[in-house]
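One structure coming up, written as C-alpha cells, with questions to follow.
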Amino acid sequence: MSFNTFGKIFRFTTWGESHGPAIGCVVDGCPPNIKITEKDLQIELNRRKPGQSKFTTQRKEDDKVNILSGVFEGKTTGTPISMIIYNKDVRSRDYETIKNKFRPGHADYTYFKKYGIRDYRGGGRQSARETASRVAAGAIAKKVLHSKLGSKYKVVGAVTQLGILGCDTSKWDEKFIYKNPFFCPDKSIIKLWEKYLLGIRKSGSSCGAIIEVRAKGVPTGLGAPIYSKLDMDLAAAMMSINAVKGVNIGSGMNSAQLNGEQNSDEIIQKGKKTNFQSNNAGGILGGISSGQDIIVSFAVKPTSSILSSRKTIDKFGKNTSISVRGRHDPCVGIRAVPIGEAMMHCVLLDHYLMNTAQCKS
Amino acid sequence: MSFNTFGKIFRFTTWGESHGPAIGCVVDGCPPNIKITEKDLQIELNRRKPGQSKFTTQRKEDDKVNILSGVFEGKTTGTPISMIIYNKDVRSRDYETIKNKFRPGHADYTYFKKYGIRDYRGGGRQSARETASRVAAGAIAKKVLHSKLGSKYKVVGAVTQLGILGCDTSKWDEKFIYKNPFFCPDKSIIKLWEKYLLGIRKSGSSCGAIIEVRAKGVPTGLGAPIYSKLDMDLAAAMMSINAVKGVNIGSGMNSAQLNGEQNSDEIIQKGKKTNFQSNNAGGILGGISSGQDIIVSFAVKPTSSILSSRKTIDKFGKNTSISVRGRHDPCVGIRAVPIGEAMMHCVLLDHYLMNTAQCKS
Amino acid sequence: MSFNTFGKIFRFTTWGESHGPAIGCVVDGCPPNIKITEKDLQIELNRRKPGQSKFTTQRKEDDKVNILSGVFEGKTTGTPISMIIYNKDVRSRDYETIKNKFRPGHADYTYFKKYGIRDYRGGGRQSARETASRVAAGAIAKKVLHSKLGSKYKVVGAVTQLGILGCDTSKWDEKFIYKNPFFCPDKSIIKLWEKYLLGIRKSGSSCGAIIEVRAKGVPTGLGAPIYSKLDMDLAAAMMSINAVKGVNIGSGMNSAQLNGEQNSDEIIQKGKKTNFQSNNAGGILGGISSGQDIIVSFAVKPTSSILSSRKTIDKFGKNTSISVRGRHDPCVGIRAVPIGEAMMHCVLLDHYLMNTAQCKS
Amino acid sequence: MSFNTFGKIFRFTTWGESHGPAIGCVVDGCPPNIKITEKDLQIELNRRKPGQSKFTTQRKEDDKVNILSGVFEGKTTGTPISMIIYNKDVRSRDYETIKNKFRPGHADYTYFKKYGIRDYRGGGRQSARETASRVAAGAIAKKVLHSKLGSKYKVVGAVTQLGILGCDTSKWDEKFIYKNPFFCPDKSIIKLWEKYLLGIRKSGSSCGAIIEVRAKGVPTGLGAPIYSKLDMDLAAAMMSINAVKGVNIGSGMNSAQLNGEQNSDEIIQKGKKTNFQSNNAGGILGGISSGQDIIVSFAVKPTSSILSSRKTIDKFGKNTSISVRGRHDPCVGIRAVPIGEAMMHCVLLDHYLMNTAQCKS
C-alpha cells in the first residue's frame, strides 16, 4: 500500500494541502554520510516555484524549505529526513465562490465522490503544490547519486512541445534550456513559443505540453523484472504527476509504427565500450537499464482552470457553469520539467539501491 | 519491494521460465466465496495462447492451467490461489546457437549484465510466456468484479493500430473484435491488415501495434492519491507488459495539443445521472475514477526476433551478428490484447478493495 | 520496505531526533469524515509526556502537537495527516562529555557501526522521544475505531510488574489505573511499588517492567493469515517500542507449561452469544481475532542510563567507563503504557480496514 | 500488504492447504549465482518432516521438494524460485465427522467467522503443514548467507523446555541436539523428557515447549530502525509460526526483573575485537545487530488436538463436544525447531540485503 509514499528503498511520503499551513515531505531510506544542505534543495525548488515569469502563475511563493531531521552536522545520518515548506501567498477567499462547484478537468468531482469531503481551497490536496515536495526529495536523490556515480551522472529535462508547436530535438542545446523560461532546448523555436503562449494567456485559455527527461551516466543493471521494471516505475512516476496523461520510454507510442529492423538497436563493441547504434529502447531492455541514456517523455494536459465558461454541476447535483479567474499557469507543463527530473532521480536511486541489495551484496 | 509481485491488496506473484518445467502464479488477497473453476481461467488463457492463427507464433502450447490451492468446493476461501501451467512445446536446442549472443531489442544483454547469469533458452524469464500467468490472475479478478459489480462491469481490448495502419475507432464493433485474429474493432480495415501482416511475416520482419483497453461500469472513487493514483497504477501495469514502450490515459500524448476548452470534459446532470460531454480524461480525474469509461492505450514495439541479420556482440565482448529463425509472432502486439485486459481487471479490483478499505469501511 | 513506516493500510511514518528542532508523524490511509481535533491528540500525549511525577524523567516537554494537514473543518479528509511536536527542553551540552562513548544497553554502538555517523544528542533517533509520534497516531486510530465500532471498543493498558514486584491482575481495577503514576491496576500493591521505585531512583539505578494491554469489543475476523496474522503484527508493534525485549499473547511464554486440556479454551453458545470458557489464546486463534478480549503483554528492560560506572569503549576503540547522570526515568516501562495502547489501536485499525477490504467488500 | 508473503527484499510467498494436491513457496529477491540443489533443501525439510519418531505425528510425508524455476545449471539466476511439495498421506475422511465442529484451540472458528468458508480437511490453510514451505525458503537463505558470510555464520535451534520440564542451557551441547528426537541441547535431561512425553502421549494429551534459536557470526549493523528493527522482524517471524504465543529476545520477559546494572552488557575492547561481557540484549541494540550472538526464544502452546472431550459449538451455533483422535504430535513444539531456524535465516538475509542497500551501496 502506498497512498502518499513513493519508492521502495529510497522512499518519500508527501503531505499537505495548497492552502493549509504547510506542505512537506519525509524521505526515508536515504544512505548515510551524504552531504546535504538546505541550499542544495532550495536551488532545485527555485526552478519549480511559481511567479518567476509571465508564463507561469503569479502566485508568489518563496517555497523556502526547512530540514527538520535526518541531517546532522551537514550529513545525512540514515534516519528520516523531514522537510517542510510553509504556504504563504494563500488567497482562500478566491475559492469561496466555487467551493460547491466541480471544476471540469480538475479532481473536485472525484475527490468529493470518493471521500465525501474535500478541502476546496486552491484544490486542497489535488493541487500541483504537492510537487514541490517531490522536487525536494529529488534534490536529495540527486546528491546521493552524484556521490555514488560521480559527475558523469546527469539528468536534464526540457519542454519539447508547447501546445501544437513541437521543437526540433535534434537541436537540443542543454545550456539554452537553463536560460529560457520554457525550459526549451531548441533556440530556433523560442520566439514562436513566446508569441503563442502569450496569445493563449491573453485569451484566458491554456495549452498542453510534452516534457522529455534524459538521464546520462546511468549504470547497466538497474531495474528488477518483472514488476519492478525500471520503465514500469518510471511510467508510474511520471503518470503520478498532476495533469500527466501519457508516458513514453524511448520511441514510445511511435514504436507501433516501426518495423523490426528499424526498432532493433544494434550493438557494437569498441574496445572496452559497448555502443548501441540507436536508442529506440530509451535505454531500457526487459525493464533493465542498458547503459544508454534513459529517455522518458510525458504529456501534460492543458491547465484546466480557464476563463471561458464551462458547463458543470455543483455538489448538490444541480447544473451550473463555471469560469475560473485567478492566478493560473497558461501551460502548467512548463513547471513540470523540474518535477520530471526529480522523479527520474528518485526512481534511479531507488533502483540503484535495489540493485545493490540483490546483485552487489 | 515487489520484484515479481503485482498489486497491493489483490496481489499476484508470477514465476517460471520459458523453457523450465512450468510457469505459474500465486494470487493473494482474493475475497472469499467467489465461484471459480479452472474452466473460467482456461477461457481467458485460450485467447492469449500461441499457435491459433497464421498471424501468431507456431509454438503449440495448450496453456492448460491447474489450480493447486485456495479454491474449495468451487469457491475461493480467501487463502492464496496457486496456479500452474506446464511448458510443453519446448525446443531448447533452437537456442543453442545463440546462447552466447545478445539478441538486439531483447533483454539478453541487460539480464546478463545485471545478474551475471541467464537462462538463455527461449528468453528464460524475459519471455512473454510469463504473461500467461497474468491472464490467469486477471481471470480471477474479472470473476470477483463481476460478482461485486454485476454485468454492467465489462472490459474490452482491441488492436487499434497495426504497424503503420491505424483503424477507425469510431467504427468500434465489440462483437467483431472476438471474431477476427487481430482483435480488430473495425471491420473495414481487416482485409488491409491481413495483407499487410502477411507481407511482414513473409519477409521475416515484424511490426508494432497499439492496443486500447476500455472498462465500462467502473464505480466512481477508485484510485488513491497521490502515489496510488488509478492512472499511475494502470500506466505501471501496462508498461510492465513485455515490449510495451508507451501508455496513454484517455487523450494521452495528444493532450499536449489540446487547449483548455477542448480538454475540459464538461459535466451535465440528467436526473440521477451525471454525464460528461467528452472523455479526454479517460475516466480518471486526479487519479480517481469518475464513473466514465476507463480508457487506456499502449504501444507494443515490433517483435525483436527477425530474420534479417543484425549486428551484435556476444557475452565475451566480441562483435558478431545474429539472425533469428524460429517460431515468432510477426506482431507480438496482437496477443497483448488479453494481457492488457487482464491487467485492467487486476488494477481495478485492487483499487476497488483499497477504496472499500479506506472509504467504505 | 518500511524503515520508519508502520502499518499496511492505516500507516504512519515517524521522523525526528531527540534534540533536533522537532519530531513528527505522517498518518496515511485514515478514513475520511472522522472528527479529530488537536485536543483529542493532546489528551493522549499528556499521558505519555515526561516530567509528570517523581517517578519519571524531569525533562519538561509540553509535547504540544500541531496538525498541519489532512483535517479540514474538524474532519479528516482521507489525505495524509501531518503532525508536529517541537522539542523544547533540550540540554544538548549534557551529552558533550559522552559524545564519543557508547553507553552500554543503548544503541550508540550499533547506530555508529551501522551508519558510520550518529546524532549523539539525547540519543538522537534512538531516543524514546520518537514514541510521542506513535501516541499521536494511536489517538487518531482510536477515534476512527470508536467511530466504526462504538463505545464497546476499548483499550486499556497497565503496568503489571515493576522490577521484581508483580501485581495481582485478578484485582484489575480500571479506574484505579488512571489515578496512580504507575498505571498500576492493583490498589493493594501501590505502596510497595512506591517505596521500591523511590529506592531504585535514589540509588541511581533502574528497573524493568511488564505492561499488559487489553482490548475489548474487537470484532471477530481481524487478522490475515499467514504473514499478516494479528498476533504477528501485535508482536512486531510491541517489540518495536524502545527497550522491549519480550512479547506475550494471552498465556504467552507460560503456554509452554500448560497441557492440552488446560490450554484449550472451550466454547459454549448462550443464545446469540458465543462464550469462551477461558482466554489462554489472548483472543487470537490462527492469527485471527475470536471476539474475546485481545490480551498482549510485553517486558521493558531497565533504563540503560544509570549512575554507577560501567565499562565501555569509545568510537576510537579505546576502553573507558561511563556513568550517566541527567534526567532519566528510573523505570522507563511506566511511560510505555500509553505507547502500548497506541500501538494496539493502530494495529487493530489496520486489520479492521484490511478485513473490510478482503472480506466485507 | 503481505497476507501470505514474508520479507522485504528476500521475500517468500507460501500457498497450499493440508489436504490439497500440493503446498509450495515462491522465493523472490534471491541474489543470483548462488549454488542451490534440491538436495540442499531436502536436508532441511527432512528435519521437519513428520513421522520420524514416536514423539511426532505418524502422518507419513516424504516432503519431497521440487524446484520449478529460478535455478539454472545449478545456480540461482535472480528470478523467482518456485518450489512445490506434493501432499501424499492425506486421510481427509478422518475429518468428515468434525467438519462442522470448531476444534477448541484451533483456528476453525475464526477462519469460518472471517471468511464464511473453510477447507476443514486437516485444518486446511491453518495446518502447520504450511511451515514446510518456510523450511524450504530458509534453506535457500542459509545457502546465500553462507556464501556471503562464510562458515562462521551458523544458526542452531533447540528445545529448551518441554512442558513443565526446562533443561539446563548452560549444558548446551550442539552436537547432541542433532542426535536426539527432541532437539534437546542438554544430555542430562533426555531420559526424563522421554518418559514425560511418552506419558503425555499415552494419555492422549499434549504439552507445550520453548524453543531457543541462536545465530552466530552475524555482522554488526543488521536491522533498520524504527519499524524494520531486527528484533521486531524476528518477533514477527516467530509469532507467525503456528501455535507460538510468546517471543523473547535475549533475556526477554525476564528483563523486567533485572536492574540497570545487571542488564547493561558492558563492553571491552581486546585488540581488534569488541567483547560484550554479557548478552542480555540477545545481540540486538536499538533494533540493530551488535555482532554478539542473536538469541531468540519462543513458546509453542500444547497441540490443540487431544483425546479428551472438550466443549465446543458447531457452525450452526449449536453446543456440542469434540474429542480428536488421529495422528497428532503430542508436542508440536519439537518440530518447530527447524522452522525457527528457517525464519532466523530468512530474517537475517533480508536485513543483510537491506543493510547492503542502504549502508554499503
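Order as written gives the chain letters A, B, C and D; numbering starts at 1 within each chain.
One rule holds for everything that comes next: a residue touches a chain if its C-beta (ideal position, glycine included) is under 8 Å from a C-beta of that chain, and two chains touch if they have at least 3 such contacts.
If you're wondering where the values come from, they're calculated on a predicted model, not measured in any experiment.
S.K.: Report the chain whose mean Cα position is at the greatest distance from that of subunit B.
M.R.: C
S.K.: Would the interface of subunit B with subunit C count as same or different, where same needs over half of all numbers used to appear in both copies?
M.R.: Mostly the same residues.
S.K.: How many angstrom between the C-alpha centroids of subunit C and subunit B?
M.R.: The computed centroid separation for subunit B versus subunit C comes out at 46 Å.
S.K.: Taking the mean of the C-alpha atoms as each chain's centre, how many Å separate subunit A from subunit B?
M.R.: 26
S.K.: Distance-wise, how many Å sit between the C-alpha centres of subunit B and subunit D, to the nearest whole number?
M.R.: So the centroids are 39 Å from each other.
S.K.: Quick check: what residues of subunit D touch more than one other chain, meaning two or more?
M.R.: Each of 1, 3-5, 8-9, 14, 29, 32, 78-79, 114-116, 125, 225, 354, 359 in subunit D touches at least two other chains.
S.K.: For a test of understanding, state which residues of subunit D touch subunit C in their complex under the given definition.
M.R.: Listed in rising order, the residues are 1-6, 8-9, 14, 102, 104-107, 109-111, 113-116, 125-126, 130, 161, 163-164, 200, 205-210, 220-221, 223-229, 231-236, 238-240, 242, 245-269, 274, 277, 280-282, 284-291, 299-306, 308, 310-313, 317-319, 333, 354-355, 359.
S.K.: Using the touch definition up top, name the residues of subunit C that touch subunit B in the complex.
M.R.: 1, 9, 29, 31-32, 78-79, 148, 225, 352-354, 356-361
S.K.: Within the complex, which stretch of subunit C touches subunit A?
M.R.: 1, 3-5, 8-9, 11, 13-17, 20-24, 26, 28-29, 32-33, 68-70, 72, 75-82, 84, 114-119, 124-125
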